[in-house]
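Take this structure first; my questions come after.
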Amino acid sequence: MSRGIFVGRFQPFHLGHIATIKFALEKVEELVIVIGSAQISHEMRNPFTAGERIQMIKDSLDAEQGIDIKRILMIPVPDVSYHPLWTYQLDIMVPRYQSVFSNDFFTRLLYKERGIEVIQPGLHRRNELSGTEIRSRMVRGRDWKDLVSTQTAKFVDDIHGIERIKAIFMKHSESSH
Amino acid sequence: MSRGIFVGRFQPFHLGHIATIKFALEKVEELVIVIGSAQISHEMRNPFTAGERIQMIKDSLDAEQGIDIKRILMIPVPDVSYHPLWTYQLDIMVPRYQSVFSNDFFTRLLYKERGIEVIQPGLHRRNELSGTEIRSRMVRGRDWKDLVSTQTAKFVDDIHGIERIKAIFMKHSESSH
Amino acid sequence: MSRGIFVGRFQPFHLGHIATIKFALEKVEELVIVIGSAQISHEMRNPFTAGERIQMIKDSLDAEQGIDIKRILMIPVPDVSYHPLWTYQLDIMVPRYQSVFSNDFFTRLLYKERGIEVIQPGLHRRNELSGTEIRSRMVRGRDWKDLVSTQTAKFVDDIHGIERIKAIFMKHSESSH
Amino acid sequence: MSRGIFVGRFQPFHLGHIATIKFALEKVEELVIVIGSAQISHEMRNPFTAGERIQMIKDSLDAEQGIDIKRILMIPVPDVSYHPLWTYQLDIMVPRYQSVFSNDFFTRLLYKERGIEVIQPGLHRRNELSGTEIRSRMVRGRDWKDLVSTQTAKFVDDIHGIERIKAIFMKHSESSH
Amino acid sequence: MSRGIFVGRFQPFHLGHIATIKFALEKVEELVIVIGSAQISHEMRNPFTAGERIQMIKDSLDAEQGIDIKRILMIPVPDVSYHPLWTYQLDIMVPRYQSVFSNDFFTRLLYKERGIEVIQPGLHRRNELSGTEIRSRMVRGRDWKDLVSTQTAKFVDDIHGIERIKAIFMKHSESSH
Amino acid sequence: MSRGIFVGRFQPFHLGHIATIKFALEKVEELVIVIGSAQISHEMRNPFTAGERIQMIKDSLDAEQGIDIKRILMIPVPDVSYHPLWTYQLDIMVPRYQSVFSNDFFTRLLYKERGIEVIQPGLHRRNELSGTEIRSRMVRGRDWKDLVSTQTAKFVDDIHGIERIKAIFMKHSESSH
């Protein structure tokens, strides 16, 4: 059986990720969604915990027609303190895999230095469909819900996620002075 | 929706675990299998990596008739350095849950101190169906395959697991002198 | 007996903190001063070690008329790597408490997410009585001693604290280029 | 002013420790009680959290006639991963001190290698007044309360400490097989 | 025998370092080159691994006429989480030494606070011969090879170092937005 | 150029190690002596710090006729928390190498699982020439000096090593009760 991994931080999980998952499922039989920086949350670039991110992904994919949830695993992986060990850490936290999908810079650089090719899924609507853009809209009170699934939007509301992000942002602005 | 977690180390995944999963799936709609001590491997009591354990579990459950894999998540969680933080670490690594199933001592003690009841699944054939017993048989060259699923047995063979365990055991015996 | 905790970094301990301590001692019988980020020192935002901060606090409170030192504990607590575990870490490092006083953003956010109210002491003379302002004055050679107790001022002199802060600042400016 | 530190693990705090504190207070003006291995709890040799140990000590000393609580500080200090850094970690977590009191092996060895003398308080009733003995009695259901202060005994009861220790012991015995 | 240490990060090893080594070898019989921040790589300010830096240094010094390689040791030392422990960490990772050479800010500040003088080698051609300047030239595609030894230049080429640095820089610029 | 690594803990450095180094230098042009478990010291199985071990090795090899010190590097490497990352950590802490020499169990197991052969040097006088045996003799006051070089023996005396080991052993025996 062929297995692939899709490495990201999913802060938050959005429509671009869903497109990538569909893309990957055409190429591999089983896909492991690796939730990177699993130990980090409550920060500007990483507002959500691993558990919250898994729940966003699970809720979204369960509702998605074209995706067979049985072909998907979700595995949170914490960062390593020695950068070049990151891909080897993936090897020991994840079942054996043959392909890697990722837009994450480090993941691509480090696999490349190991001589392993990383498939970089086409980023359509790249400007909008990025975690950075979505978090920025959340902070500024602009509309972000059309960039994520209904399930993610609902979940963020349920956990008062916007309140958390705004609080982190306010703190962050202060400290920069 | 009701969600439960089943906390164990799964060194290795065996028939007792499958019985517990079936038992738990009668009580909750979704079950998260928490692979504890995720960062440890290549030790007497923890020979297998998190990725290897996830693969054993996935292969076994895929083949199990009575289990709907769509209702199951598998999440590896590393130990925390401050013991009493363990259950709170589970809270942040796992989607929100309502019930806890575990035979693990620490997990039960710590949830109890938080005032949360842990469901201890009946251990049938307890003497045999334990990780300790199985690892002991592996080391001594006695038959262990009837205590695990066909898939786990095959996977352990594939990765030369018995060779690894025997090597660890030999080292371990030496150091004790 | 009622016990409260007052969480801060105390970089350095200043008159605003003393006001808060007096305010808190009106509401609780015993107050634990939690010295946060205890492991950090020799950085722009955290120049002083935990031991140095404890000494500033102890010296200042010993000299303060309106404060009964017997009702006060001082406990340094290091940061946790998983942010949401912070308040639980407090639970295990500190005797049982009923109230929380803090102006620290994270502490307030995380207790709030646990459903625990944090008392935010009124910040009088807020613009001046802040660690940021005091450290900034120290670096720029402007007068800072009227913002702290005589004892803190003396202690900072004793350990050549201004020299340290200026050295850190110079380094910091360099690296930003 | 002269300041001393008294380094121990206080698992649990007992009458021998109180004798040492009285002994030390005759030699120094201020005494810092360093609660070592602060990050460890829920283990055979370290059943109690730092917060619990601080509470035992505080309650006991408040009730002790001959001890002026104003002359005492209590500071929890976690272990360091590099053993020889331990005493230097004390230097940064504790206000400046001139004398060291300890029966702890490592503390004495490491200060000695730095050329600093450690005062080893006379251990009267040594066989009984040791943490090891008290924990052993707790596990075996024998009388331990006459080896600790009334306050420690009461506190251990309040937190169901015997239950915790027995549970840890049972687990421990199991794993040894 | 007199032994000195020369503490730096060597990102990358350049002609200024070689000058310092020659300078130090006139003052001490044996010199330990301490490769600081040994655990960090693949970052803007720290692109190279400890192993890569050691190889640059070894290759360069082997080719250098005026340097007797037998009088030199190279020891990588990872950062400590408590800043003030840094120099004590050096004490335990390095054979006993009598002199310290360093331009590193922290190393100098911390030794000074211990009362130990650090010899700051004259920085000739300081503007050019700095890691910051060299990394900046590497990123911008300007000439950097005349600031390092032939051996370092060749080694950076061999490991596709410029490609790595440019990739890290692009990532870094993105994240700043 | 061909480079090999020789991985051990060197607690302490003994005649068997010297034999291995000579053996390895016949096969490779440059040999890196990897001092494993570099962060551990002051323990029964690991009494000496990395710096002390490096000094033993350096002093011994400088005095050894048949060994060209210019062909040797000594690199201390701390353990990793995830066992299977150990050999990859070596890859990033050490210049590129082609051969591995080691009698260390884990090193051999893990390289083997990567498909890399480890050369196990013949252990002559194995019963005697082992760290375990030597430490045991040190503790029991039996003669150990003929199992190490004159330089190692002298160095252990200089740092009062036997005193340290006996102290650790006494502590260790106590705790086992």
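Each chain carries a letter (A, B, C, D, E and F) given by its place in the written order, and its residues are counted from 1.
Everything below uses one rule, namely that contacts are C-beta pairs under 8 Å (C-beta built on N, C-alpha and C of every residue); 3 or more make two chains touch, one makes a residue touch a chain.
This one's a predicted model, so the numbers in the text were calculated from it and none came from an experiment.
*Asks:* What is the graph distance from chain C to chain F, where chains are linked when they touch?
*Replies:* 2
*Asks:* For the identical-sequence pair chain B and chain F, what's the CA-based rotation angle in degrees, nearest 5?
*Replies:* Between chain B and chain F, the superposition angle is 120 degrees.
*Asks:* Is the C-beta contact count larger for A-C or for E-F?
*Replies:* Most C-beta pairs in contact, of the two: E-F.
*Asks:* For A-B, which listed pair, E-F, B-C or B-F, repeats its interface with over half of the contact pairs the same?
*Replies:* Match found for A-B within E-F, B-C or B-F: E-F.
*Asks:* I'd like the Å distance between the centres of chain D and chain F, where a centre is the mean of that chain's Cα atoms.
*Replies:* Here chain D and chain F have centroids separated by 36 Å.
*Asks:* What's the distance between the Cα centroids of chain D and chain E, rounded to whole Å?
*Replies:* About 44 Å separates the centre of chain D from that of chain E.
*Asks:* Hey, what residues on chain E touch two or more of the other chains?
*Replies:* Chain E, residues with two or more chain partners: 41, 49, 82, 84, 91-92.
*Asks:* Taking the top-of-page definition of touch, could you list the pairs of chains it picks out?
*Replies:* A-B, A-C, A-E, A-F, B-C, B-D, B-F, C-D, C-E, D-E, D-F, E-F
*Asks:* Taking the touch rule as given, give the residues of chain F at its contact with chain B in the complex, in rising order.
*Replies:* My answer: residues 45, 81-84, 105-106, 109-110, 113, 132.
*Asks:* Which of the residues in chain D end up touching chain B in this complex?
*Replies:* 39-43, 49, 164, 167-168, 170-171, 175, 177
*Asks:* Along chain A, where are the residues that touch chain F in the complex?
*Replies:* Those in contact with chain F are residues 80, 82, 84-85, 88-89, 91-92.
*Asks:* For chain E, which residues count as touching chain F in their complex?
*Replies:* Those in contact with chain F are residues 38, 41, 49-52, 54-55, 58, 69-70, 73-76, 78, 91-96.
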